[in-house]
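Every chain is named by a letter (A, B, C, D, E, F and G) in the order it is written, and numbering of its residues begins at 1.
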Amino acid sequence: MQGDQQAYDRGTSIFSPDGRLYQVEYAREAVERGSASVGVTTADGVVLAARRRVRSSLMDPESVEKLHQVADHLGVASAGNAADARQLVEFARRTAQRDRLSYDEPMGVEPLAKAVADHVQEYTQSGGARPFGTALLVGGVTEDASGDPRPTLYETDPSGTPSAWDAAAVGRDSAEIREFLEAEYRSDGDLDAGVDLALEALAAPDDRSFSPADVAVATVTGDAGYRGLSADERRTALDSLDLLDENGNPQAS
Amino acid sequence: MQGDQQAYDRGTSIFSPDGRLYQVEYAREAVERGSASVGVTTADGVVLAARRRVRSSLMDPESVEKLHQVADHLGVASAGNAADARQLVEFARRTAQRDRLSYDEPMGVEPLAKAVADHVQEYTQSGGARPFGTALLVGGVTEDASGDPRPTLYETDPSGTPSAWDAAAVGRDSAEIREFLEAEYRSDGDLDAGVDLALEALAAPDDRSFSPADVAVATVTGDAGYRGLSADERRTALDSLDLLDENGNPQAS
Amino acid sequence: MQGDQQAYDRGTSIFSPDGRLYQVEYAREAVERGSASVGVTTADGVVLAARRRVRSSLMDPESVEKLHQVADHLGVASAGNAADARQLVEFARRTAQRDRLSYDEPMGVEPLAKAVADHVQEYTQSGGARPFGTALLVGGVTEDASGDPRPTLYETDPSGTPSAWDAAAVGRDSAEIREFLEAEYRSDGDLDAGVDLALEALAAPDDRSFSPADVAVATVTGDAGYRGLSADERRTALDSLDLLDENGNPQAS
Amino acid sequence: MQGDQQAYDRGTSIFSPDGRLYQVEYAREAVERGSASVGVTTADGVVLAARRRVRSSLMDPESVEKLHQVADHLGVASAGNAADARQLVEFARRTAQRDRLSYDEPMGVEPLAKAVADHVQEYTQSGGARPFGTALLVGGVTEDASGDPRPTLYETDPSGTPSAWDAAAVGRDSAEIREFLEAEYRSDGDLDAGVDLALEALAAPDDRSFSPADVAVATVTGDAGYRGLSADERRTALDSLDLLDENGNPQAS
Amino acid sequence: MQGDQQAYDRGTSIFSPDGRLYQVEYAREAVERGSASVGVTTADGVVLAARRRVRSSLMDPESVEKLHQVADHLGVASAGNAADARQLVEFARRTAQRDRLSYDEPMGVEPLAKAVADHVQEYTQSGGARPFGTALLVGGVTEDASGDPRPTLYETDPSGTPSAWDAAAVGRDSAEIREFLEAEYRSDGDLDAGVDLALEALAAPDDRSFSPADVAVATVTGDAGYRGLSADERRTALDSLDLLDENGNPQAS
Amino acid sequence: MQGDQQAYDRGTSIFSPDGRLYQVEYAREAVERGSASVGVTTADGVVLAARRRVRSSLMDPESVEKLHQVADHLGVASAGNAADARQLVEFARRTAQRDRLSYDEPMGVEPLAKAVADHVQEYTQSGGARPFGTALLVGGVTEDASGDPRPTLYETDPSGTPSAWDAAAVGRDSAEIREFLEAEYRSDGDLDAGVDLALEALAAPDDRSFSPADVAVATVTGDAGYRGLSADERRTALDSLDLLDENGNPQAS
Amino acid sequence: MQGDQQAYDRGTSIFSPDGRLYQVEYAREAVERGSASVGVTTADGVVLAARRRVRSSLMDPESVEKLHQVADHLGVASAGNAADARQLVEFARRTAQRDRLSYDEPMGVEPLAKAVADHVQEYTQSGGARPFGTALLVGGVTEDASGDPRPTLYETDPSGTPSAWDAAAVGRDSAEIREFLEAEYRSDGDLDAGVDLALEALAAPDDRSFSPADVAVATVTGDAGYRGLSADERRTALDSLDLLDENGNPQAS
């Protein structure tokens, strides 16, 4: 590493001579260190899915939280520093609750993602704290201007920039997963197709199989709201995709 | 880089021996790293336009926010750190709202730009935070002393200095875009001519074509207020200027 | 140690270039320096057990606090910096009390573990304090959705990440203890079997015997709540496992 | 630069061994980097004038604020960091307003200049912020003890020291401009003579001509209060002094 | 000393790579620099005793405070930084008073020692202050669950960890004194035997004699509460143990 | 300069190994850099006088404030950093006003000087600000215990130590001026003799003449209170002492 | 000086590896740099005396404050940083006043000295300020338990440790003065003998004579309270001890 970079990379409240914020870039590395999560919008709703790193057969895979319900019709998938993600998700929950109380209608995906992103940005500008080492995918179904349900997916990154996607990936090997999604995504797929695409995308970088414990899947639809798929449902889906390995690979991913 | 410069460039609350504020200068570099935005005043109103960096075909280009409505008759184009820009735009919105409530009439472009600039300056003088790595173009139509609508365009830079322009550019290649504008700007042009000039200016530095997703365009007029051009309107405009490339170039710009 | 690592490892509010938080990793070392604690879930309840480092025959082994009652049906086993553990346990007690007052029913293991974890995370992101050099095992019995008692065991680590386990270990030689547990754990064991498994696990790394003073054991059941085993009960259990050494080894472990 | 100087020049709250405050001296350099402003007292009132750095033909020269109305009969000319100047001017406005409300008569030039200077000093003594990189000329007409109008001109520098002048200059080449003023100043001149002297003084260092956009001129008199000269008035004045160059030199000064 | 250690030993809020808190370890050194104090529990109550460093024959040995009454039935012996000890004792007094007011019964030894320890821990985790360079022995008699008086002795160390002892030593040569106590302690001794054991223990490391001024002794019993032994009582006790040297050694110990 | 000194001279809240406060010593250097002020007590009152550094013939010498009225019968002469002096004088004014309101009689010289000194001391002990680079001479006439007017003169230095003098000097060449005063001072002189002594003392170090603008003189008497001498009065006094040079030496002193 | 020492001596909130607080030790050096003060208890009351450093014949020696009345029956002698001493004395006065108001009887010497010492300790533990560079001797007469007046003398040092003395010395050459006092002190002397002993002790280190201005003496008795000796009384005392030198030595001591 250059000496010049080291001169500017240890404070959040400092630009490098070429206008970069190294601590934010290092926080992106923290995201890349975490196992991947993906989101897929479908005609019926949004699918969120994630690889889980289960360290032991004694560990309850469900407690490795990569997917989080934030409100009735809002879910979040995270990648990166798990404890940071929990704080952001908690922030998202409080924000959605407060918004609901103020306006008496469910908070939309876009305003929630932007509120989270603004919160994240503040940790990149003021001294005294490090940036969040986590990226979120915020998915949900909210009514559009004409009252129709509209599945929506946003990403918030460690710089605090929100962006909307048809299908997105964050975490380890996200570039390869994104390439897979760009090639395979169909905007007219139904929810089941979305689940399949999400699982295939997670498997794409290293061409591997999963036990049901190795992945988490949730869907958000206008009717059912946020719903996590059971281990059985995941097994069935993996099996139909020829991605099932009952033994899984607890130490890897 | 000289050792002397490194001795003074890591704190916002410090002058170099020759009276420079290096962190502010590095924040200008952060602006230059962002894709360009332009503003053009016309007889009928102000045109704001921006190049968008769309990283993937799955990304919703509309979520790459370079143009922001701040009030009925006020818009902002930004360049540089996108998350910083969001914070400043939010500050601008709150300021315009509060001003409106206090005086019961729309806030003018000049007072808003100056309020934003003063906010930006504070981050360059007090320790504990870095400067904003973003520049804004604030455009709008406000009544002048004689009650006539007056299209106005202000720039605020990372030092917190406001300035008024007939046509202005910020972000990557802004010097070349400004040269193009200086050569081509006509103060008596109508709104459509302004849109054309803005798009041509964005294309000038590398002489390239755009897909509709690659650019954002908005107009602010006395009658219609802030209005973003739809993808179709952008396509038509680009086509008539011979700047249309339907495939665009999502990874570049 | 590399010079690069030293450049990033002395502040909690700083990422290394590869996205790591060294102070959190060093806090994990502080946990590894402390004598081990284990937790085992059984059909009847949760068993918590710990090795104690008794420095002198004049010392009251009961005052070496590795197990802590947090509420009627909630217990904690800790490893690492003992003073840090006391602070976290105090936080856990206040949290459980406040929750009880707010909702008029006992706080569950999961929400308590998550509240502790969130508290721990804040010390890893904001400057001005170091992370907690301690890991907790939170065990208890709470009613599940269908009203049945459900023994539950959570771990919180110095990063502030919670995880659920059938059986878990923290502190010195935790990797070896965990291997032992993975091999020996039976989910259908009763409470006595759980106590036996816990004691055998603590003895596994160095194949040694204990005096009753060298270990602490507590059980949490739906009926009896939190209950610490007396020295006599521990002697009986150790004896039946052929792990009893009345003289113990006060200076070791 | 000496190593010894570098040891003391990076904190505002630190003296060098020879009793100097380097950050304040560097702030004076920031003033010298800004284009010059002058003030001239005459029998009828005070003249404030400034060179403007207009970066582009598209820029509205009037928005390059070097002269600022602070109250009905009070004006300020600034040099140095433009954003810092805006903050000080805003402080001056609030101070004059509050004073007016408290005492029900216009604030005098001297008390206002001293209030600004005291505000500036605080930024040189307490840590956590840098000094202001700007110098102000505060001009106005206030009644003296016998009720007669008295044109008065004060300078405040980055150390926070106020001083009164018959005619003064701040900013680039201020030493040469001051020499010119010392040679040419007549205390019995009228307002027009004051405007002429001010413009000639601004032109003195490099013996150049100006377009009306290149300079700003304002007068403060007992009758008319603060009044900025229009571009036409400036053109006429420059022309009569043989200093008019309609094309100006937008990129220089 | 290793360069690596120096990299981590100057801040309280920082772990070393192997999970150590060097500032806390250095605070333990401060304790070891202070003259020793011992505590002994007996069937009748607790004995506290300390060596005193009397610097001059003009100094009032009673003003060298090593033993402190904290409440009617609570006493403290300290070692290490004397001024730090005074602050902790003051904290202990306020805590015992407040507790007494809240619960209308005397505060126990254990809760007081734990409250002090928690206070001490906070100075090891948050920045902005150093740890306390003092260790306390907290002794007293409090009723146990069955209402019987129970002599109890706790130690609090600079890390903020409390521990209970039958007999304990802190300060210079504490390891040797503790060995002596381990060899000689009898749990069935009466108060006088406890005083004798405490004085012999203080004399053990360097096999020396004391003048009455060189030592302080206090007892805490259920009947008499905290009571300091007079110089005459100390002389008698020392004489009977063949440890009396009327001249003492004011500059040593 | 020694490396050792540099290790301790950059913070106000730090002693050097030999018990010195370097920043306070450097602040004394700042005082020595300022032009000199003197104070002389006489039978009738106190004389304050100062050399003024007038940088230009256009500058109003009266605005170079070296003498300040603080209350009806209290004046201050300052040397060193002029802006720092203004802050201290402002503090003195507020203190005298508040004291007057509280006790309904004029504040004495001694209590005022001590209040200023205590304020100055605080800036030498707490971090976050530098010491004041200024010394004050506080002169006035206050009634003594028997109700007689008593002319009194105090000095406050940058360490915050007050001292009383018959005649005193601060600022450049103060040692030589003090020697002159020690040789020439007569305690029975009248006010005019005091003015003469003060002017001669200011001229002593470099044996020079003054224009009236080069010096400031004020007297504080029981009858007339604080009164500044007019330029004419100063001219007459200088002339009678053969110290008058009408041209003065504006750039020197 | 060793490099290791320099690594730990620049912060108050840091221990060295051997448990020392260097800043406190350096503050002791500041005390040793100040001219000496002594205190002597007698049967009738306490004598406080001090050498004064009078820098000039024009200086009022009484304004060199080494002795301070704190309450009717309480006095303080100080050595070291004079401005720091003033702050501590002010703290002592406020404390004695507040105590008097709360309990309606005079504050004792011991509680006052301990309150001052606790205040001093806080500046040695928390960051953001340096320790006090001053030591105080607190003397007074307070009733003992049986209502008899009891002359008492306490010392407080820069670490914040209080100690009681029959006779004590602080400041330059305090070790030699203490040796003299140890040899000559008689506990049955009367007040005059105490004054004589105090003056002889001050003269002991360099065997010199004093003018009355060179020393300050005060007595505190049960009847008369605090009383400073007049110059005449000091002359008489010095003369009878053959220590009088009317010319004194203003620049020395």
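The rule is short, and it goes like this: contacts are C-beta pairs under 8 Å (C-beta built on N, C-alpha and C of every residue); 3 or more make two chains touch, one makes a residue touch a chain.
Fair warning: this is a prediction, and the values are worked out from it, not measured in the lab.
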{"item": "Chain labels contacting chain B and also chain D", "value": "none"}
{"item": "Chain G reached from chain C - shortest hop count over touching chains", "value": "2"}
{"item": "Same vs different contact residues, chain F with chain G, by half of numbers used", "value": "different"}
{"item": "Gap in Å, rounded to a whole number, between the CA centres of chain E and chain D", "value": "69"}
{"item": "Separation of chain E from chain G, taking each centre as the mean of its C-alpha atoms, in whole Å", "value": "31"}
{"item": "Chain centre separation (chain A, chain D; CA means) in Å", "value": "55"}
{"item": "Residues within chain A bordering two or more other chains", "value": "11-12, 127-128"}
{"item": "Arrangement of touching chains [line / ring / star / complete / other]", "value": "ring"}
{"item": "Cyclic chain order - from chain C, heading first toward chain E", "value": "C, E, G, F, D, B, A"}
{"item": "Residues of chain G defined as touching chain E within the complex", "value": "4, 7-8, 11-21, 114, 117-118, 120-122, 124-128, 154, 159-168, 178, 181-182, 185"}
{"item": "Chain C contact footprint on chain A (complex, rising order)", "value": "1, 5-6, 9-12, 22-23, 26-33, 56-60, 62-64, 80-84, 86-87, 90, 123, 127-133"}
